[in-house]
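Have a look at the structure below before the remarks.
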């Protein structure tokens, strides 16, 4: 290695080094393209990835799993979750048991996607999905309410703004 | 208080702008649309990486995700030559005036993307040291959640901004 | 006073501690900072050793002892779970047993996050349980009353709730049923947990078995902002903790204070917390233009100053002001306006007794009542007016005190006290006979002897005594004769503070008499020269003066004369004739058509301040949130008004105000003066039947607005209580209806025939749904009345604007 | 409506008088038996009446009544057949005797009333006659060394109205009469009580 370093000072040596550099660049032309064409071709995120929006799950019989116990709000380091519990009406309960979440909001401009709420949830009501296509024009839109969270998230690439590419 | 809103923030379109737009009527929209379309083609972001989101912004700018597909790979150091400020990372109270100065030095038209929850609303740092949301300092056009937002999320934010510029752009 | 028990020294976990004999090991450990887990032990309840959680090992003893029932002995060496493996295993096993049938309800249980079982299982308990069989299941929750919900699955059978009802409140509605394997807390079928202290069982329940319906699923301990306050409902001065979630009060709990309320508060203090957040609250100043329009403080104060500068001004306040507000008002009236027409009372005792209470503090305290040998309660229904004093009297009775009640109606002390029922207004005469020792062989003689022989007797006088002028002074003379303590017990939280601050026509701050030059000079040294030394008009005279157009501007501070003053007609006439009416309160309510200006006052839990208990103890209350809207503490409004009138009060902050106040309100002696006892004769209108009234605990008062669960549980509709003999004479049937006619008005009410009321008198509650009793009164809380049966029950003839029968509960 | 007839009420006052002033609540056990002797069991009204007699709350009375198996809060037949299933009797086959008794009397589950309203069969703790295990008590009079056959025969005899003599002492009579005696009130006072009331009013459990 050291022998070659001296001759770089000479004109022919310098020219050789430049040619070698260009060669490396030229080889690059034939290598595969690494760029991910995000809006047109979306890499499906790994199956268990949880970098997207939350989702409130339901039991098979349609009852909401969330019982409004506020443990997720307690566990959240960023205080992004707001829950208000209420009494289930025995005739048409919202969730199994005595208690359900009358109001459930997550502020996505506070949530750091750490998943501690999912760990804290005793009924597996709250899980993170991989629907990461979210951005908001105002702060209010960033607060997703219970009905929005109950809806299964739209598949990637269909959110507004992605068609134009 | 887990979810709160801070006074004095606005989302880049003061109500006065809306009236003015309606008052000028339809005639100029075709010119508007053309100019706006042009404006969104190659927004040069000012380098404003503050914290961990900046590393993700670099990843977005780098080869894999490649902002240059929208002509945005050039992170201009001087605000004079930039039209988009991506606030990437938590903004400390000491940084706020600097951010405002950089924003003021940017020529019109200019837009702001607040990248990551810390810039958008203070994230998990609900304390005295961090500005609870950049929109209390500069008008923010698009908030991108995430900590840090995946490059695709940032790009989706940028696409939302392009859509916003294209549909609501106007010649001033 | 019994001699102090001599100290005993013992070692716990290797540390030495010296405590008086009779102290329990668990208390001694607490003094050393060693926490022994426990469920059934409660510092204010007798030990029972039901839950077996507080096992400790005592050297030289074969088996484990329960720390909560074992008294200390000299040289005893105790090992708690920290230093004894055996004790630790005992506790772990016991917790495993307790958790066997305990449901996994933590996420849906209101006690989650503040549950002693949860905390102590995490700290001292087993990691997992070996119990795999199905857990016992009960129907749940069962409403014991509209306030208290019972969940028997969670109950660990510690019997704290049943012991509270047995030892403290005496309302033994809940008990341990089916003693044995299936033991559970229950209430008799068809009955309600109808006790004004039921809320305490919820707070002392160490698990989530008893929960409050008002707090059901409303908040979590981590999400609640807490402040230490003082209850503003009555003069007991209970130390409370106010919980707020997102600016709205969600719960009120009792704080421990062995000097005042032990660890208890009454259900009104606990469940009536929504008044300040109610829809009726007004938080912006209003001024009368075309209608009442919002305006700024300066504009409204400026206009009010304009109206009142140089005019004849009078101030009427309710009993809700904090001490600082009362002092500021007293200074405003006398210095800024130079008038003595201000009064906070609606029961005018007058006489030396009132001056004594105004001048001094802590002559009789809760401790004195607790340790009294004999207690004489006169003209006071403690359970309905000052509930925590009622509990303290019961505590004294439990320690062997002889309790006597002179009242026209039997109170809830009936199981621990002897009642001398007398017709309303006759209390003075009964006291007079007690002073003379009572006729031979009569009840009074026996009571007099008991009071004389008892050690540390106490006389508690209530507001009904004001029915006969200077009757309170007879009570004072009786207490002097017996060498007993004397206390005049007002009903409302701000009464004693207002009296000591001088919101009184004839008394300056510190009970200094206006007419006595030397006492007036002491105040003038601080306030400067006072313009008039003539005693002003009392509450009733102010209203009469307003009706005769002798007052130009009437200030109504936290009082609604139409409902509070015992003469609705006079109040209406006064409001219609006084040109300018300024209302300063939390809400407008029925004063909306009359108010010319409205100044929004801050609620008690929104501002700094002090409240004085009936003992004269001034206690600080801290704000739990900022005042709502533009409302301000009352003293700030008075200071602003004084400035607007051009005579600033001279203090800019509450600290300065308190400095000046402490100087003037230091307890002082009152120079004796003879009080003319106006004949022990019978009041002149003792014809057929004497109607008397006083407000019950849960009524339509403004501070109970919005407390729907409390009212569903404890509020009774209006009724008239008649003695059996009178009922027979007037042909009234229990459950039937009667038209009650007095000089001032009439009403048709459901009849209750009961021997709880003195013969010859009928009781009508003052402010229950269906009747504002002040329609029937003309200035006093008693009136001559005639009753006649109304055939066909309530739906038939209706007096006045229709009296809702029990079925139409508002 | 009052449970006790006027004579029984006077009897109740006499019972109360036996106890010192301020300690009347100690008269609760005899009064419960007295009320039980009128209705064949202690109903809510019975509890309320005892409570008013003693000046305590109904809950306190029900707390006491709930502990004792001889105070029946649930519908009860004229003959209470208690089969001891404690250690000694169990070893000698008390489980079989219980099944047989229940089958013959037609009692669906333990402690319930039989269809014809005559019998209540329930598992009893120790009847203190281990030498004569297995023991069956009818209205608290013991029958020794019972077997499945003899207990069925005993129940059939009772159904026929006979009065089979117990191991010791005379035949106790029906449940109401026994309650009356346990209350310490001679049988003659306020006799002629109505048939067993099989009301199915389900108390709070």
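Order as written gives the chain letters A, B, C and D; numbering starts at 1 within each chain.
Just so it is clear, a residue touches a chain if its C-beta (ideal position, glycine included) is under 8 Å from a C-beta of that chain, and two chains touch if they have at least 3 such contacts.
Computed from a predicted model, the values in this text were never measured in an experiment.
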* Other chains in touch with both chain B and chain C -> A
* To do: Going by the contact definition up top, give me the pair of chains with the most C-beta pairs touching.
  => A-B
* Asked: At what distance in angstrom does the C-alpha mean of chain D lie from that of chain A?
  -> 71
* Euclidean distance of C-alpha centroids - chain B vs chain D, Å -> 85
* Whole-Å separation of chain centres (CA-atom averages), chain C against chain D -> 49
* Asked: Whole-Å distance, chain A centre to chain C centre, using C-alpha means?
  -> 56
* **Where chain B touches two or more other chains at once, by residue number** => 1-2
* To do: Identify all positions of chain C at which a residue touches two or more other chains, and write them in rising order.
  => 223
* For this assembly, give the contact graph shape among line, ring, star, complete and other. => line
* Structure fact -> Every chain pair meeting the touch definition is listed as A-B, A-C, C-D
* If you look only at chain D, which of its residues touch chain C in the complex? -> 44, 47-48, 55-60, 62-63, 66-67, 203-205
* Please give the residue numbers of chain A that touch chain C in the complex, ascending. => 67-71, 73-74, 84-87, 97-99, 122-123
* Structure fact -> chain D partner, complex, touching residues on chain C are 142, 171-180, 186-191, 415
* Please name which positions on chain C make contact with chain A in the complex. => 106-108, 112-113, 140-141, 216-218, 220, 222-223
* Mind pulling up the chain A residues that touch chain B in the complex? -> 34-39, 42, 51, 73, 76-82, 105, 107-114, 132-140, 142-143, 159-162, 164-165
